[in-house]
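First chain A sits with chain B, and in the next complex the same chain sits with chain C.
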Partner chain A sequence: MDDGLNGRRLREAGALGLVVLAGLVAAALFVMLAGKDPLATFRVMLGYALGSGNGFAEVVVRAVPLCLAGLGVAVAFRCNVFNIGADGQIVVGAILAAAAVMAVPGLPGPLALAVFLACGIAGGAIYGGIAGWLRARFGVSEIIVTIMQNYIAIQFLTWMVRGPMQEAMGMFPRSDRLPDGAMLGLMVDGTRVHWGLALALAATLIVHVAMRHSSFGFQVGVVGRNPLVARFAGIADRRVVVLAMLASGGLAGLAGAVEIAGLHHRLQDDFAPGFGLLAIAVALLARLEPLAVPFSALLFGVLHVGSGAVQREIGLPFPVVWIFEAIVIFGCLGLGAVRARTVRAAA
Partner chain B sequence: MIDMLFLIGLAASAFRFATPILFASLGETIGQRAGVLNVGLEGIMLVGAFMGVLGAVWTGSPWGGLALAIIGGIAMAALHGLFCLVFRVDQILSGIALIVLGTGLSGFGYRLTLGAAGTPPKAPPFPRLEISGLTDLPVIGPILFQHQPMVYLGIAMAILLAWFLRHTTWGLEIRAVGENPAAADAAGIDVNRRRWAAVLFGGAMAAAGGCYLSVSQVGGFVENMVSGRGFIAIACVVFGQWRPLRVLCAALLFGAAEAAQIRLQLIAPNVPYQLFVMMPYVVAIAALVLAARSTRLPAALGKAFVR
Partner chain C sequence: MAPLLELRAITKRYPGVLANDDVGLTVDAGEVVAVLGENGAGKSTVMNIIAGLVRPDAGDILIGGRTVRPRSPRDAAAMGIGMVHQHFKLVPTMTVAENIVLGDYRAGRWLLRPGRNAARIEALLAELGLNADPATPVGDLDLGARQKVEIAKALFRDAGILILDEPTAILSRRECDQLYDIIRRLAARGVAVLLISHKLDDIFAVCDRVYVMRQGRVVGERTVAGTPRDDLVRLVVGGALELPERDGAQSAPGQALIRLRDVTLRRPGAPPALRDVTFDLHAGEVLAVAGVEGNGQAELVEALAGMLPPASGRIDHDFAGQARRPTAAALRRAGLGHVPGDRHGMAMLGDMDLRDNVMLTHFHMPGFARFGLLRRGTAAALADKVIDRFEVRTPHAATAIGRLSGGNQQKLVVGREMNHATRVLLAAHPTRGLDLRTIAFMQRQLLDHRNRGGAVLLVSSDLAEIWRVADRVMVASSGRLHGPVRIADTTIEEVGAWMTA
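And then the complex of A and B:
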């Protein structure tokens, strides 16, 4: 029997190697399709993202919102609620946070920051909560609702930064600089790495404890695996769905607020392009394990920042990053399928 | 009289705006009736939109574009089939991967080919169908009889598929594998074979819808131009209760919402235009909530079949 277990591990390691290899080959094929050298591409990508201090700092900066939103996606997906609306929740969180500190000027520093972040969480939570409630109350697909909400939120943002919240100068589609007290300072001088990093890591620990050691986390898991069993066990499954969406949206909203408070310092168009979709990839690669999410976010940060460098230095069109990400997602799914098959074979 | 002209224009363009959504949602209807959910329509439509323009420019004919788009759509759907039917991974997750892949493939491909030049070449559009006598009819003529062929093709497909599902053996078998695959299997139907056919058909249809959007409506490709229509198409399937003719009505409803939205922007320039752009998305959510009470989805939707 020991041998069987070892054999299974070996097969899984082999499958992992095979999937990684297949993914690299697929990525290399696309690079070659563009008439570029794949080895040079990978060298530039990793060289900038991991080999230079500046590049790695940018990777961390990019990973912070991905980690927060990825945690949110993980919470919802664990509950079998497919929140594809992190994009919208990020935007609504940021808008509400910015609106709050603009509406009440002159708050003392720490309080302003607390209000800013709390409103970010609230905005995302309410927006996500709507989708959760519609699913729990009417059985409406949260996938479609959250996607529709994304488009609505993005239109709302483009209006806000051209209308009610536009800067006093009225030149660009963006808000005025937000009060310094509400902003997050730099954590590492000489880079753009801000205190949002500490927040993201703290959130990771909190979500881990909540999922692993609280009754809410347990209920999320049961509802996610089998809502019928959950109901028979006396769990109010619909309530859990709404709560999971509130938490999921809240984390995404926090990501939006942190991105503004730490990086942009003002509301502007398209400040988090595609982060919500990326957050799904982050959560899937982490296999919905909160503690793995920061690492997964770092990897996608490397992909993103590295692809930017590749576009600058080699001229490979930037949308290739989405192809790489799709390869990673399909790779994760393929690996999951192999794992399921070996488990079935053993049973 | 201006009101009348306005309404005629609105009704006519409702058909045009409905067409991309209609194609995608008819394909999805067949897929879901066979038990396979594809939330990646958005990605497939993007690939279809890009390949359509590419093929139209290459061959100089919009039909060449449609052919290339359909090939692209089938390839995307084959990936979905591979992961859902062979590897049996979660259909929703595979669909999400398709969205990301379609975004990448269309954007990447566009920048390598058409977008590499300064001004992208214009795609030759489909010819407008003028039916002598009918097109000149008052009111009905401009609304119904001066569209491009794909508009009629879409409507014909809805009627054809309604008949197909109800009155043919294949239609019955497709419904059977979506409702009760075990029973279908016991009756000697190759479940996964029917599902493969339905999935590939869905991919071809979604890509055709994307092709109409880019080649006909916009006259070129723009990155992320599908902007949620893939999901509105899924909403149409649910709102249309998985029946092709009702799905046609749902698609027309969204076409009308989009046509109205654009006209309202012009009528009310003082209202921020973004509020109007939001409209179709709000309508989609409202439609789903309305349809929720009477929803009865195919029983085996989303479940892999294991013998």
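And then the complex of A and C:
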């Protein structure tokens, strides 16, 4: 490889480091504003999230849905389709999966699980596919459609767990426990780490191969860069947009189903708060590279779990953590813009 | 008296390339001087050094005998140097007047106030013969008019030295003549004009003196008057240049490969670009489409390539068998190659490497994918073959194609398309922006393809090129396609008259 390319990679890695550093500094400022010691805060944060077995297990638990949904966002963004609707797709996937196993009780274990996960994928895929089709057929902005779809899905969930799918006792906004056969078991005893971790890692590999080595992934990359070049190359660009949104929604839907099957074992209100937006940050921080997504998801898991510890032990309000997350997201977007400029300058 | 602009022993080294080696030149006030050379000869580096975009490793720039070191385009502008780049640096959504004052603090440091300078702007536009309202968005102007805005921008900053980088590359014949006029008038009022070009026509039309560059060095300086064309060509290419010649004896037009009957073409939402087109493209011929650009040639090529379905009439791709609605992919598999006029916008992806750009039109071909997975090795081998056969100068097959010079990008695109163009090659302006040697090479490729029994549809606005390689010619003008007629049965004058009819 020539020097120029390596040089650019190096500069990009440096810029990434700067983003993280800037996030830390800014977060430290806010911690100080709140009257606490930033160093102690970071020590508690990392000490619990990375230094204790239980803490790290919780990081992994949090990272699993972020990884799956982040992969979905990466697929859509690679196609230059801005799927902001992972939240909605997660919810619809979970609802459809839960409804399916409740509607057909008595399925044998493995089959029930397969149906559960397949319905999760299908729910998210259909919901995302709608936005993809509207964009491909009528040129409707997928950003607006998916944002609106999020509201619909979340309100729909709120109604479902208070109405048709509410538990028999009628106490809480949640469903009854779902049949055990359809649920994912624990992968590491003594923690909450479930087999969803294996699914997320398998999905990472599959998406990596699909995006980097398959004909479909190549077409996604071409359409994402320039639809006119895609038409020139004989690619049905609209079809690729719809397929990319199906895949993207499907992965988000799988994230929703896995979160229910592995963690909550029942449908409940607000079971994946803000995961869809976090998934965008996860995908951007991973530079839309599938293999980097699990690591990016882990980082956000560390942030979440560590800040929980900080809240308990230092008494720091939670919003400070959100500020840190927001700074990282801004940084990633800025980095993307810088990168686009250097690429254009090189061309 | 010292010359207005002088370069002394300018040297600039990039990793692996000596872009400028001991370059010296002078330009006097009121003089038009050309820097002539092939793509990659180092012309643009010289200009970028003068314009403050690139710093030389060694050597001096003198203005009026005083050494200067422009460190930025703004610096250079303050020294009276104005540069018009080949790719315009205008903001399409801003008006003509706003673009002219943009970046010039005298027009207001914080707010653009084109109104303050309205009289001056109008005078400049009038001098340049641009009949556009200064309040028109630049995006609504054609390329020739945008270039005048660029020149106006430089003159607004009182540029005494005007550098034009390949100014005629994108202009029509008529626009070229207008530009030559403007250059002569500017020189007459004392502006020093430095013109970078690889087109001999530019040199003979408007220049007083010419420096010829090859491989980073100035290899010759000539006074244009009295210098024979051949002399310059030899200097540019470093030897004699053999132009390919069509050999009538080898032309044996065979069966029709594509047939058009009463075809009308229009893009969605636009008026028809071409009406009632009827012709056959035969095996073993080069069929040229002459005409001023923008008369439906782009639509015609896209329709033949399966990208634009006809609004009415029928196109039979006989070479592709009985496919009812042939797609771009199906036609490529059946033996079609397509070199579009808009190389950057359509034929390549600048940030992808050469191998993936080869894969671009091959991924649906047998051998390039199996079970839905790409076989990158096949594309890499083909990329190496194209790089070798078409002499693409690149550091590596894994280099992003956007980093290559325009000529080398074009060679890769043509080489790639010719790989699957076993039957039909659609080539729109395949030699535009290329240097003489590469033009000769490309034209030879077209003729070889024809002599192997392939069909070539050549879109060109260069009649000399058409006369050199085509068997028949059609003319696109005002929404119609005239002809085709055999080249042997017509004259350049006749075709030229149709073009402007």
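Structure notes:
Everything below uses one rule, namely that the second predicted complex is superposed on the first by the 312 of 347 C-alpha atoms of A that agree within 3 Å, B and C clash if a C-alpha of one lies under 4 Å from a C-alpha of the other, contacts with A are read in each partner's own complex, and residues count from 1 in each chain.
Here is the rule we go by: a residue touches a chain if its C-beta (ideal position, glycine included) is under 8 Å from a C-beta of that chain, and two chains touch if they have at least 3 such contacts.
Remember, it's a predicted structure, so these values are computed and weren't measured experimentally.
Once the two complexes are laid over each other on the shared chain, residue contacts for A:Leu277 go to chain B alone; chain C is not touched. Of the two partners, chain B and chain C, it is B that touches more residues of chain A. Contact with chain B, but none with chain C, is seen for A:Phe156 once the two complexes are overlaid on the shared chain. Applying the stated contact rule after C-alpha superposition, one finds that A:Val145 touches chain B and leaves chain C untouched.
Looking at the shared chain after the overlay, A:Asn226 reaches chain C, while chain B stays out of its contact range.
Shared-chain residue A:Ala326: touches chain B; no touch with chain C. In the superposition on chain A, no contact is made by A:Arg239 with either chain B or chain C. No residue of chain A contacts both chain B in one complex and chain C in the other. Put simply, chain A touches chain C in their complex at residues 1-5, 209, 213-216, 218-219, 222, 225-226, 228-229, 231-236, 343, 346-347.
Only residues 39, 79, 83, 87-90, 92-94, 96-101, 103-108, 110-112, 223, 227-228, 231-232, 234-235, 238, 272, 274-275, 277-278, 281-282, 284-285, 288-289, 292-293, 295 of chain B touch chain A when the two sit together in their complex. Across the complex, chain A meets chain B through its residues 30, 33-34, 82, 84, 134, 138-141, 143-145, 147-152, 155-156, 158-159, 162-163, 274, 277, 280-281, 284, 317-326, 329-330, 333-334, 336-337, 340. The residues of chain C lying in touch with chain A in their complex are 15, 305-307, 327-332, 338, 340, 345-352, 356, 359-361, 363-364, 369, 372-374, 376, 395-396, 398-400, 402-403.
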